[in-house]
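Take a look at the structures listed below.
Here come two complexes built around chain A, the first alongside chain B, the second alongside chain C.
After this line comes the complex of A and B, so read on.
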């Protein structure tokens, strides 16, 4: 490629890619600089790793990091694990399959905060779950289900919200596998699970990776589900970041938490994608 | 023991379409049997019932004496070669071939031995590490065949395996398939709509129409002695004429009165003769016919000539060489021994 041609391509890409890079680049630049003592709201700007030290020494940070990583891993793997059998089931159209598919994807259109609120209404003291438990006779009085310490509520919401997205990606990928290829595997002795791990998974690994990465990043940075339905004894990274900024005005430490969240999202999603690739290639799972 | 037997097999799909009715077929070990028929005649449905992909609505399937009517494909001693090859696109040639033995838990040493031997037999040793999309159609078909043979099935099912290949390659792969079948001695059930392919490859041909078997026989038998108008017309080209019986040795047709060797039975509806049965240069004897030519089509080794008839289809003749033109008046003879009688209706 000549220099002239290279410059031409760069110029043509600039309106689209340039804006994106500028936006991301400027945000990232400010966050990095802020975390090392610049762009202060008040006081002098000076280089310092003190903000990073305070954040990394904080137990709250460690708990938030492991909690967010846990939620992100469970949400991404869980969503993909639930979506795969449904995608295979919906692979060939049957009477009602279109309606089922549309219903399963409906959560994509419900904003996260609204979903959390509706979920709370269902499991609250006055919600239908408690009413049902009392009506059946399992409990005598309403029990506390919301903001559970095990974060089951958040996990449920994450799966409810993200599974349709994984389904959307995986359905297309699974549908692209020809019937004859699956029949050939069956004909050569592969049962249902073997057909999945030796044929379907390797041939849909890119959709699987895309699902894992996007869901992981979204779930790691969750704020709405956590604030509404999450446990009160631990904060997610996003919640902790906002907490530092809002409660104490510690913008620099909040920036350090934000950058840590970005690293978690990048590292975690890449690890998941890499693991998915290795497993699907080896066929040993 | 019969390698494969179907007894009163029928298939009605959920939408009510009857794909097969009362199919009875026995295939001997090592036999090469072809299911031949036009699109929609049920031949692939029958093959998929043999493979286990479809369950028959009624009837029974036996493999080597065992009832496998309700057994899934993975539990049957069959292997299928698909029309689209159906190779695993993410696996190399060698891995594709190894898939079946690995699935059947054959030990690594035996597996490797089988793969190497099959690669040599299908002449793909130098392509063993390539992905299927790097191979030509003929090579992919050979991989599919090697993959099927790797599990050492007693019956190999071929679903129009050559239909995606060009004419020259088709003939080459056809010979390879037949050669491997003789070498390995497996039983083959081969589906095709190409009558030339069926005649060239098969020990027996099963001619199907509308979900039923019209005739079963050796290639020479179904060609030389078709039992129905459909078989006569579908296999090769045939001239079919309505007739009226005059006496035990002659019939009245649109070509005139013809002397016949066979006697038509009560179910016979048409008189049948092949275009190549016309004898030219004969001026004496019975069944001498003189007619004007209405059409002429040069076919290389022969010229196809058409004779128009009132109230009957054009009759076709195959004349060696090119010495006739439209409007020419020609004389030919039909030997009484070459005239057959067939039952059934014209399509």
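After this line comes the complex of A and C, so read on.
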């Protein structure tokens, strides 16, 4: 590669990739520096691990971390688990399959806050779900479903919003498996589940990993669903971070929480993707 | 075509069984979809039209009377017109700037081979893997320390970077579809660079350009974390107004109005986008996560 060509490539990459690296790099740098006592909006800058210690010692942090990890794992695995059978069913086009697939993917285009609002309406104290439960006779009085302690509302919203994304990626992957391969597996006596375990899963593992990673990261960093529909006795990591920043401007501690959230998002999603790969390649499950 | 192939490959009884199964599955799924989409959206529309005089209270299944008063009230008494103006000024600007920033990189990815290209392509996805609120909070602290006080400019910058991955991806596919033989033919016939661009590049790029503009536009309108953290409290966008009605002051009819204002134009744009992508290349133009 000549110098001229190299310079041209660099020049072409600068406005796109260069801008991304500069900005994400600076944001990351500011977060790291703030977490150890620099970039203070008020007061002196000085190196200190005190902010990390305060955050790591607090009970709230531990709860937020495990809560966000829990939501992220359930959302990513749940979305993929629901999307797989639908993707396989829609593998070959049939009458109405396009409509079905469009309807199923619609939540992709509904912003998170709107999704929250729609959901809150449906599960409201005198909402349609409660009326239905009373009408069937399961309960005598309406149940308080909003901000439930088990975080079922958040889990439902995560699945509603993310399953279509997994479906989008998995449909493409499943459709690219040729009929010959599946027919061969069928001829060799593989049942439905075996075909999935030994043929479909290994051949679509990349799409599965991409879905798991993106959904995990989004759900781990969730703020909107948690604040509107989540339990009030526990905070998600993003919510806790915003809370620290807003109450008494504890930016340094917020930075420590933010970095922990990034670590959770990165390691959690990679671990999940790695596990998915090992399992699908070995076929022993 | 597929049906024909199927009928040759699979015995008739099996086919009939599969057909019935599909029909049953479809009815089940259509019902689920109705509950999944129709009920929630109908309730939003109804709530946005509840008459403040009569209200909508238990045990009425439907509101006793409908009116557009709420829409008028939200429009005249809240910051919604300003938020709409902000959002709809921000989004097209973001879409155009992002396209301009993304194009050279996309061109490079599509038409050059160089060591480290794979890594470079993965690195462009960085904005997608950093949780939105982390990015928002530390971006706001970055712009404070840089002394940038324009909210519009700050959100604009953040949105451009945040949505660059989509634009780069879409435009890389578009540049990949420009045919080298057409470029060569135009050059051989003595076309000027501009004429080469018009004859060989434009037709292949146009769907990608429109797709990139629409995708980034929609993302920017819907984006909440940065608009909320960086913009609060004086610069409002549609999602931050909606959030204010969902928080401590939960005002259901107002939230319904704003939800519909946020979601309906985007759905229409999305439908347009889908047509566009189908006309271009359905297999390659999809946004990859």
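Convention: the second predicted complex is superposed on the first by the 274 of 285 C-alpha atoms of A that agree within 3 Å, B and C clash if a C-alpha of one lies under 4 Å from a C-alpha of the other, contacts with A are read in each partner's own complex, and residues count from 1 in each chain.
Assume a contact is a pair of C-beta atoms (placed from the backbone, for glycine too) under 8 Å apart; a residue touches a chain by one contact, two chains touch by 3 or more.
Just so we're clear, the structure is a prediction, and the values are computed from it rather than from any experiment.
Once the two structures are superposed, chain B and chain C can be ranked by residues of chain A touched, with C on top. Contacts of A:116 after superposition: chain C is touched, whereas chain B is not reached. In the superposition on chain A, A:191 makes contact with chain B only, not with chain C. Contact with chain B, but none with chain C, is seen for A:203 once the two complexes are overlaid on the shared chain. Shared-chain residue A:181: touches chain B; no touch with chain C.
By the touch criterion given at the top, residues 51-53, 72-74, 78-80, 82-84, 86-90, 99-100, 103-104, 147, 151 of chain B touch chain A in their complex.
For chain A in complex with chain B, the touching residues are 178, 180-181, 183-191, 194, 198-199, 202-203. Contacts from chain A toward chain C in the complex involve residues 1, 6, 9, 11-17, 19-21, 23-24, 26-28, 30-31, 34, 39, 41, 89, 92-94, 96, 100, 103-104, 106-107, 109-114, 116-122, 126-128, 131, 160, 165, 168-169, 172, 210-211, 213-214, 217-218, 220-221, 223-224, 227-228, 237-238, 241-242, 245, 251, 254-255, 258-259, 261-262, 265-266, 269. Interface of chain C with chain A (complex): residues 2, 6, 22, 25-26, 29-30, 33, 36-37, 39-41, 43-44, 47, 57-59, 61, 100-108, 112, 114-115, 120, 123-124, 126-135, 137-139, 141-142, 144-145, 157-158, 160-161, 164-165, 168, 218, 222, 224-225, 229, 239, 242-243, 246-247, 252, 255-256, 259, 262-263, 266-267, 270, 286, 288-289.
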